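Presented sequentially are two complexes of chain A, the first with chain B as partner and the second with chain C.
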Partner chain A sequence: MKRYLETGNFAITEGAILAGCRFFAGYPITPATEIAEAMSRRLPQVGGIYLQGEDECAALHLCIGASLGGYKAMTATSGPGYILYADPYGWAIGCEIPLVILNSGRVGPVSGITGAPGQGEFYLTRYPTQGGNYETIVLAPNSAQEAMAITVEAFYLSERFRTPVTVLADQLITDGFEDISVPENEDEMKDMGFRIWPRKINRGPNFYPPTDEIDIPPVVLGHNTGALCSDWTPTEEGYDIEEVEAHHKHAHRLIYKIRNHRELFSHLHEKKFMDDDPDLIVVSYGTPSRVVNTAVARARQEGLKVGALRLINLWPFPDEHFQKRNKYLVVELNWDGQLVREVQRAAGKDSEVHFTGCCGELPTVNDLIEIFEKILKGQPLARKGWQLEEW
Partner chain B sequence: MDYLARKYLRPRKIPSTACSGCGLGINHKAVVQAIYELGLEVEDVVWGTSIGCAGRQTFGTWKGDGFAGTHGRVYAIARGLRLALPPEKKIILTVGDGDAFGIGLLHLIHAARCNADLTVIVNDNLGYMSTGGQYGWTTPYGSKTDSSPYGMFEQNLMSEGMDVLNILRYAGATFLARHVSMDGYRVVESIKKGIQNRGFSLIHIIYPCPTNFGSRELGTRSPLKIYKWIESKAAPLGEEKEETLWATGIYYDASNSRPEFSETIRKNIERIRRSTAA
Partner chain C sequence: MKVRTEILASGFGGQGVVRLGQIIGEAAVKEGYRVTMLKSHGTEMRGGYVRSQVVISKEPIDSPIVENPDIFAALSLAAYNSFKHLVTRGIILYDPAFVVEIDDTLTCRQKPVPAKDLSVQNFGRPVFANTIMLGAISRHLDVLNRDTVLESILHVIPKFHEENKRAFEIGYSLFNGKG
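After this line comes the complex of A and B, so read on.
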């Protein structure tokens, strides 16, 4: 194990290389530029390829081409680049191409504030492309160290499900310097829980079987398997077809290969002070969860019975955490409230769901404790300028 | 099915579902003929296509591996694939004019810029014909289409002395040719040269669309009328007349004169890997 004082961008790069990534195509964008820079330095050292796309749309298409040729491939960006992935993302979902996509959230809409954290793409990562009829896998780490592990996990899942996986980070995770341990051999990787799935080659002839099974090798071109992949509805062999029945089968696979294997995500969450059935559950993901954890620990010392639930697997949404009638507070780095909508849906009418959001900066521990107190006493959340609003 | 189709194409997709009288099949056959004459086998070629008439009608026809990319992005996909495939594998792309010169022009220029070893066959039916017939970026000035009912009057990549091949030449392409479908064996020869160039090659082939372009511009769906009309507007390079829209032949041949993209990348990675390992 080697220790570094480094950024999340560094950790993500090392994680990708450990997972077997040997192709990265990027486009400079704050706060994910340093991943591209680190990849350009590190990949050639291990025989891998770094390329710069003419735009993000090209970058992801380059990754698709490389993945179709057998590489484990990755790209990284922030919101304004992520929207340019819409075109290739859909193709990769439809053709079931394994890829890893990192999105480091900043403050939007549009270019917004480039060097500050935001969580405005909770739904965009669920619906990153046109058409619907698919499920997506999205994972959200809350530290540089975890970003490395989650990047490794994203590659693992992308191969098994043969689909693009988004790692949703934010500016503080990718830019922030932290204590990072990088495993140096397979044993150390195993000790850290890193799982690796090798690239396999589908030999056909049924490249798109209408089943929810996973572990079906992806299409790899150039091995004369007769593989076909296109942007149209595929037959099982990959021919284009304009038939609702065929499309239904294909869509069913795209949705249920993921939904029917939730056990592969179920460990991807973190619970603190949740064992004694707390009166209020504070829900968050990414960087704000670190403030939430501190605030909840402090609140406990002050006698408030609160617990913290941090989601790492955001999509498919883990409804199972919200089955019990309870009071929930959702803390997000946005002012419009995104995760809270999903929590409200999953928790149902009998639960009480509150929201507090800020953006570009983190909430403070004191602010959060004040909100916990108010919710527990049944008082309305006082407006505090534009920072904290009841949803 | 003729001997070429039996050897290289999939019976399920041949004949294609193209409109009757469509000239695309002539271009398609010229590509397969060129592959045959170069002695290439099914496993030597990965065939990519795009969206629109040219993309859809040629997708899945090749017996070997094939793909159809998103509209205009196939040049970026093919570039990624080029890096993953061994250098001896040929990547041949059959695309349309809207795909290459409209939505995909940026990616096309970048594929030429780095001299990626791709052979791009641009099948140009003079606009967006699979969506019913709207003008494109090579539609002749004054032509009537469904989106230019008063005649096409916007500047495009083939008007006022402009030529889209100039853009590609100065972007770094190493083999460029232009033909009309009716050029027969000359098309096959150009495609062969394109495939033999270890670098970025593009062959621009104007082909007749009787169903949409013919019916709007010429007022008839008669294949014969549009075939003759295209022929009358084409002349070999150096023999252009006043009415010539398309000078045909090899426009630019700098085959194998520039380092190829994937070769350059591989060579440099090997160099860096060795120097950092030491």
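After this line comes the complex of A and C, so read on.
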């Protein structure tokens, strides 16, 4: 195990390479440029290929080509680039092409603030393309070290589910420095919980079976095999078709291959101070959760019965955490409240769901403790928070 | 040692604020600590605002935010005014070439480190101001061995080793003891 003081961008690059990524196409954007930079240096060292696209849309198309050619492929960007993936993202979902996409959230909308963190793409990662009739897989780490592990996990899931997986990080993770341990052999990778799924080749004749089955090898071209990978609905045998019944079967596959295998995600969360049925559950993902953890630990010392729930698997949304009637506070790096809407839906009308948001920098521990106190006393949240019903 | 040590450095782009945080962070990794170092900045490579937040701890670090710095290195007046109120138990080390107006109402300790002027006097140019400031920070930093910090400087900045060693010494010997 080697230890470094390095950025999340470094950790993500090394994680991808450990997971077997041998193709990267990207387009530079703060705060993910250093991934492209590191990939351009590292991939040739391990027999991989780096290409720069003329824009993000082209970059993801290049990744699709590479994945269809048998490579584990990845791209990385921030919000303004992620939105340009809309077209190829849909193609990759439809043709079940494994890919890993890293989105480092900064402040939006549009170019916003480049060097500061934001969480504006919670719903965009659920609906990264048009048309509906699909489910997506999205994972959100909260540190550089975890970003490495989650990148490895993203490759694992993308191969098993044959679908693009988005890793939703933010500027503090990718740009920030941390002490990072990089495993140097397979034993160390196992110790760190890294799971690797090798690229397999689908030799037909059933390329797109009308089931929710996973672990079907993806379509790979150029190995005396292949299937048509167009932007139309694929038939079971890998031809394309424009027809209702075939579409119906395929759409169900795209949705339920993911929804019916939730057991593969259920471990991807973190709970702190949650064993004694807390009076308030603070829900977050990504870097705000680190401040939440500190704030909850300190609030406990002050006698507030508060617990912390961190989501690592964002989509498909883990409804199972919100089955019990409770008070929830959702902490996000945006002012509009995105995760809170999903928590409110999952928690139901009997629960009380509050929101506090900020953007560009993390909330402070003191601010959060003040908000915990107010909610527990039933006082309204002034200034930084609001209850969704009030709007 | 207390649970966590927090260091905040802020100024504008080109002064080496990120480098400074990186050097302290790397020294802490070498000494076996857990470290986080956040950098925030504008789009500009030079001239924009920059901030580094370093947290050093024996334990895994949850919040990487510096809320009560043990040391705040203020390298511009704007930075000084933005973050001076965070410092309650720690110390502010400021470069008087940029921080031209000091707030006397603060209760924390504040010490001038004329890093830019000392760099120009000793080396004929201001580029070593950052290393001089690192020397001053190192003097006030309980958790890290000064030699580890110096080693990190020489590792992170590959050029001008002799000048950087001297600059570090100049900053370090501005003060007696941890004061």
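In the analysis below, the second predicted complex is superposed on the first by the 382 of 391 C-alpha atoms of A that agree within 3 Å, B and C clash if a C-alpha of one lies under 4 Å from a C-alpha of the other, contacts with A are read in each partner's own complex, and residues count from 1 in each chain.
Keep this in mind: a contact is a pair of C-beta atoms (placed from the backbone, for glycine too) under 8 Å apart; a residue touches a chain by one contact, two chains touch by 3 or more.
Fair warning: this is a prediction, and the values are worked out from it, not measured in the lab.
By the touch criterion defined above, A:H354 reaches neither chain B nor chain C.
By the touch criterion defined above, A:K257 lies against neither chain B nor chain C after alignment on the C-alpha atoms of chain A. By the touch criterion stated above, A:R290 is placed in contact with chain C alone, chain B being left untouched. In the superposition on chain A, A:L5 makes contact with chain C only, while chain B stays out of contact range. Put simply, more of the residues of chain A are touched by B, taking chain B and chain C as the two choices. By the document's definition of touching, neither partner reaches A:K249: not chain B, not chain C.
In the overlay built on the shared chain, the residue A:F177 is in contact with chain C alone; chain B does not reach it. On chain A, the surface touched by chain B in one complex and the surface touched by chain C in the other have no residue in common. For chain A in complex with chain B, the residues that touch the partner chain are 23, 25, 43-49, 51, 53-55, 57-58, 61-71, 73, 87-88, 90-91, 95, 221-232, 238-240.
Of all residues in chain A, those touching chain C in their complex are 3-5, 30, 114-116, 172, 175-179, 287, 290-291, 293-295, 297, 361-362, 364-366. Within the complex, the chain B residues that touch chain A are 12-13, 42-43, 46, 49, 51, 56, 59-60, 63-71, 73, 76-86, 89, 106-107, 110, 265, 268-270, 272-273, 276-277.
On chain C, the positions that touch chain A within their shared complex are 21-22, 25-26, 28-29, 33-43, 61-65, 67.
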